[in-house]
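Given below, in the form of structure tokens, are the structures.
Paired with chain B in one complex and with chain C in the other, chain A is shared by the two complexes that follow.
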Partner chain A sequence: MAQEIRAQTLEAELFAPEFRKVSFAETLLAAARPWLRRPMGIFGLIIVFLAFFTAIAAPVLAPFDAQPFVGASLESPNGTHLLGTNNLGQDVLSRTIYGAQVSMAVGFWATFIGVAGGTFLGIVSGYFGGWLDLIVQRIMEVLASFPGIMLALIVVAALGRPKEGGSDVLVLSWQLRSLSLAISLGFIFGVMRVIRSAVLKEKSLPYVEAAVTLGASTPRIMFRHILPNVFPFVIVTFTTIIGAVILIEAGISFLGYGVSIGTPSWGLDLSNRNREYFLVAPWVMAGPATALTLTVLGFNFLGDTLRDILDPRLRGSR
Partner chain B sequence: MNSYWDRFTRSRVSRRRLLAGGAALSLAGAGLAVVGCGGDGGGGESGGAQTGSTGGAAGEPQTGGTYGAHYTTSDTLNILTNASEYAAFGGQYVYDHLITTRTNENAPYVLEAAQSLEQPDEITLTFKLRQGMKFHPFPPVNGREVTAEDVVKTQEFVTPQANIENNFQKNFLDKATAPDKYTVVYKLKEPRAYLFDSRILGHPGPQAIIPYETFDKLASERQVGSGPFMLDQWVISTRYHYVRNPEYHGRGKKGLPYRDATDVFVLTDAAALEAAFRSEQIHFWTNPTAGQYDELAQSLGSMAKKIEYLSLSPFTWNMNMTKAPFTDQRFRQAMYRATNRQQFIDLVWRGKAVKPTGILSVAMKPYQLDAKDTDAYFKHDPAEAKQLLSAMNWDSNKEIELFFISPNSTTEQAAEVFRQQAAAVGIKFRIVSFGLAEALPRTQRNEYEMFIGGHPGYDTPSVPMRHNHSNPIHQFAVSGLKDPEMDALIEKAEKTTNFEENVKIVKQAQLELIKRYTSYYNIVTAYARQFLNSKIENFEIEPSNTAMHRADMWFRKA
Partner chain C sequence: MTAYVARRILGLLLNLVLVSMFVFTMLRLVPGDAATAILGVNANPENVMQFKREHGLTGSLVEQYVDWAGGILTGDFGKSLRGNTSVTETFLSRFPVTLEIVLLSFTFTVFFGVTSGVFSALRQNSVMDIAVRFVATLGIAVPNFLLLTLLLLIPARLWGYAPPFGATNPFADPFDNLRLFLPPTLLLSIGSSAVLMRFTRSGFLEVMRQDYIRTARAKGLAERVVTIRHAFRNALPPVLTLAGLQLGALLGGSIILERVMGLPGLGSWALDAIQLKDYPVVMIVAVYTALNLMVISLIIDLSYGLIDPRIRYE
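For the complex of A and B:
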């Protein structure tokens, strides 16, 4: 008996794979390699980083407060006002910088709520299947039958327009919660469908069967075993829709149902009172329009790159 | 007769003369005449032609064409409850009225369904109706004749209604009777100064002649009236198509209206309005914003006539006098000190506005106060504002809700300017906006703190002075000063029918109100800015009502 055990140990030692200690630099390089093959992804990452940084550091970065009239009306870009002033004499650059707070706060939280809600429903619906799946799907289809911006407008009307007023991005995030919630509802269905289809595939795999056999509870199987395996989809979905969320926020503010009047917001600054000066003073739109376009572009590039890297079917592609 | 309108009733300017006078004016001249607005008070032909005309010099009127107009909203067809509907839709085209108002203290009205109007004494008005007028040929009325009974029944129907502008019926009118088929007699409770005001006898809503068969269907069914146009097709709050009423009395002139149809579009977006005007879907573009007006005028070239005149609309901020801190005179005074009217003119109106000296529009020239009497009260002094607020231990963290009626980019800018001015002295505003349909019920339910915005064009002191009274009466129920002395003075003016005496009391009341830092602050009188399609002839400009039906306007064909 003892001889048999020794023989098995020897065999294990002989055929065991050889593990080599990998340096941190090598790990970093391995992680960076797919990114280095995708420069647009890096561009997107930089833009996204800058957008969040601008939102958080707005009070430090902005040369002026966003709301006071700090210059003459419709000053063209100059040394004091790098992007000029609007018709009320507000500094366009400062408003653009502060405008990032609303876009990032609503963009992040609306996407977070939409993705979290969609992921939860997708896992539950996909794992249980049957009548629960049927009911969740039909309810979500009803929700999805409303165009996203219409649904958001209805919810904003029902919950009341946000009452924001802070210059801190975290405070602003809380004050804009109703707007974030309203926008997020339009995305839950799409996220849920993606995650559900991934769960349908995952739940038939042996590791789930093994977890069931070992007596793991249903919530444990769903959220400790399946969720980590569908997480790449969650990340990709998050970065893909955040750009759309920012655009919807801008659209709602443009229509006058988003942030309150006067609050620096890219959407609001492209609407109403500024719009009548676009022809005579194009700089009033240059700041918010460029910031909005670049940020959405950045998130889209980042989303595409993450999808390429994290989706096994696309791994290795350029 | 020693009445408010005595000079008019003594030597009345006929409509033909009035328009002929107007015809001599260019549109810009018409604007200037409106600015003059009874300034000399002397009556006569030139003074009588305050309503301008695009002139009849292009020859004989031509028939045909569809005139396009625009407005911001209309959520029901009921012209009694819906301010938009009486101001710019059915109230202007479908329903006829005994008279329509003109901004001219010497020629304050034009006879419409009434062939004549007599005032045997100060509390009696006798209207003789034109004979043979017919309602539109739609059920349930089916083209029956319009009689005096219809006018009387409308007045009786309107009187008990809630939340409509029935001030005349409730407070002025003692009884309306129809002694015969074509005679209507209004007996008033007491003499009244501003009878022919556009919100009293000239009100396009409650003074419309409505067939009694439709009283219970005003909101839901096709409007049936006896006006120059018949409602043909409509999509609520989108588009209204009115076709020519061949049976229209034409104020005694055959062939009116000259045009075949009128379309009114609900348009709010500046780009949509510009597109509609350039494509000739609309022919009269009211109030393009200050920021775009001059550039647009240049680019529209000969396609449009540019019309500018000092508006009759006060642009005000108003406080809700049932709530703190507005009841504290120190707070109101601080707000007066915080308000910088020149900054409003420079930033919002790009210089196209002037500072009023009192409560009323600068265009109401006879009622203007001497600037030296009121300058001290309107003085911009943030330091004094801070002192006043400090004396009342004002909590600078408290937030006041400032609302305006949207969509209106001019008012939106004004609200933001006002917020900054208030912030400079330590008063925080949160700006909110509501559409007209929501805003009016809110003020009636007392659900507001402060308001900022423009008002309709008021052709007499009636409504703007009432805004300072404890009982504002009108649909836009901003609360007044709640001062019994001021209430008495305002009421006295309303009952003083002698024009000169009336002017004196109104001036006195304005000055007293300003001394008390009334809750109704007249920020600016802006220039009204409009574009009119150049093909239109004989177009009447009535500053108290830019949406009149203008049955005798016509299109000049190429």
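For the complex of A and C:
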């Protein structure tokens, strides 16, 4: 039976003129077309790519190491130190380049945990409904009762401040796991609500009923049938919140409660502690401030564009 | 309606209990205990024991929680582990500062967010629309702590001016008080205004495409009436919800604002307390913040009925 259908399909593909093979290049072009009309999306994509690239290749790109005192204190920008040096005589440009590592590591992983957790809870809560839904909603509401930054501060204190070192972005990602987890908690609720409402719509569609009739197991229905159908929402929430996540990490490090003193981080390098130096040497701020703002801007542009392309309801409204 | 409100308030109280349990447990997970954090590593064991007894730090986690919750019912939030002062008293003295910050920045957020959103939607794709959206996009991306730091640095560098340290009573000298509070709260509201502006704009555009707007125009109503009475009213409910959510962002931003400007509010108080495991302080600030957000969200949900009479509460 299955063989027969396959043969028929093959026949149709071979002989019907309207069925023709779509080449890879054409698929690529079709995927790229909506981007070509959205220059801001391309701009965002480039910034995001550059930010990740900088984080990974920081040891190669940076002219100096981030931590050693390679120059005099507070040198203004010059040939050796393009963005000058800070109060300790560290090279500002190198610290800005290495700073991408913390922002990208925590930005990516906190968003990943938040979106993965929110998606899982949203699917389970939406699909099962009933008392399970009620319990999940109640617990999530507790997390949503705090400003994200306050929740992260409390949780990071509970889990212990990270102790990190080294200049490998993957090692750093692991070392900063408590910070990532703490920040992610503030975002789970929002993601869960979006995915849950999408699941509630999907649940009533015929394909779910068909899968149930065919005897598919519940986890299979939830994660093989429903998940792919709500996946555009997963991608959109991911790119929408990552900018905010990066800002929260920078905010916590700015307050001095995030990464350890000394670690190159955009938030920490703009910290209150150094304010008296900023007054006499404003160039110390320029690198991390520009990098942080531009990165968040890039992620937001990318998020807006993806939402525009993937969510037809909102098309053209932003 | 009454049943709905009663159920919401019941849910709110339950949530408040869960919130306090969550924060309580979190703070007890903190590596090392409060006694060592405050008395030092080399403290005399007898002093440590006495300290623990005085502050209700003996017994199991559940006993400690019941002890704390029992205190609350009699209006006693305990004593700060550091300094031994009544938490309630310090809370009351610091609370007005945070309240003023949040009230001012929330007013700015709603005012600028909604007006610029509607303005932008009415002139869709005009130069002004593009300019407003550009500023909003930038406003979301610029970290608030950077703006606040610049607010202090630029006048200091140009004119050697620094705002006075500490807060003044808004009723004793309103002008002096506003000179201190207006600039930072304006800056703090930029990010949330921008979020609200984008949301208002897209919601308003959506409503303006509806058939009843065309009908209203066809009836020959003045454009002003169409926008205000027909479009604005229908676009408002989701905007209000988002505005309520921005309140959370502003409460978080208040922590940063208080730290940068050196203002003695709840945020900077909690910040130090978290570090020192001074749990009665963290508890009162956390419970207050959560209560604040929940009450506002309840008020917003109830106001839906006033804006849109079709909405029924069951």
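Here is the rule we use: the second predicted complex is superposed on the first by the 294 of 318 C-alpha atoms of A that agree within 3 Å, B and C clash if a C-alpha of one lies under 4 Å from a C-alpha of the other, contacts with A are read in each partner's own complex, and residues count from 1 in each chain.
Just so we're on the same page, a contact is a pair of C-beta atoms (placed from the backbone, for glycine too) under 8 Å apart; a residue touches a chain by one contact, two chains touch by 3 or more.
What you are looking at is a predicted structure, and each value in this text was computed from that prediction instead of being measured.
Once the complexes are laid over each other on chain A, chain B and chain C cannot both fit and instead clash. Once the two complexes are overlaid on the shared chain, A:Gly262 sits against chain B while remaining clear of chain C.
Judged by the touch definition given at the top, the superposed model places A:Leu270 against chain C, while chain B stays out of reach.
Legend: residue contacts after superposition of the two complexes on their common chain; A:Leu88 is shown touching chain B, with no touch to chain C. Contact with both chain B and chain C is seen for A:Leu279 once the two complexes are overlaid on the shared chain.
In the superposed pair of complexes, A:Gly99 makes contact with neither chain B nor chain C. With both structures placed on the common chain, the touch criterion links A:Gly114 to neither chain B nor chain C.
Legend: residue contacts after superposition of the two complexes on their common chain; A:Phe254 is shown touching chain C, with no touch to chain B.
In the superposed model, A:Gly148 makes contact with chain C only, not with chain B. One of chain B and chain C touches more residues of chain A, and that partner is C. By the touch criterion stated above, A:Phe69 is placed in contact with chain B alone, chain C being left untouched. Of the stretches 257-265, 437-445 or 473-481 listed for chain B, only 437-445 runs into chain C once the two complexes are overlaid on chain A.
Comparing the two interfaces of chain A, the one with chain B and the one with chain C have residues 272, 275, 279 in common.
Residues of chain C that touch chain A in their complex: 14-15, 18-19, 22-23, 26-27, 29-31, 137-138, 140-146, 149, 152-153, 156-157, 198, 201-202, 205-206, 248-249, 251-253, 255-256, 259-260, 270-271, 274-275, 277, 282, 286, 289-290, 293-294.
Within the complex formed with chain A, the chain B residues making contact are 270-271, 289, 291-292, 295, 346-347, 399, 406-407, 409, 412-413, 415-417, 419-420, 423, 430-433.
Chain A makes touch with chain C in their complex at residues 138-139, 141-142, 145-150, 153-155, 157-160, 243, 247, 250-251, 254-255, 257, 267, 270, 272, 275, 278-279, 282, 285, 289, 292-294, 296-297, 300-301, 314, 317-318. Chain A meets chain B in the complex at residues 67-69, 73, 87-89, 161, 163, 165, 256, 260-262, 272-273, 275-277, 279-280.
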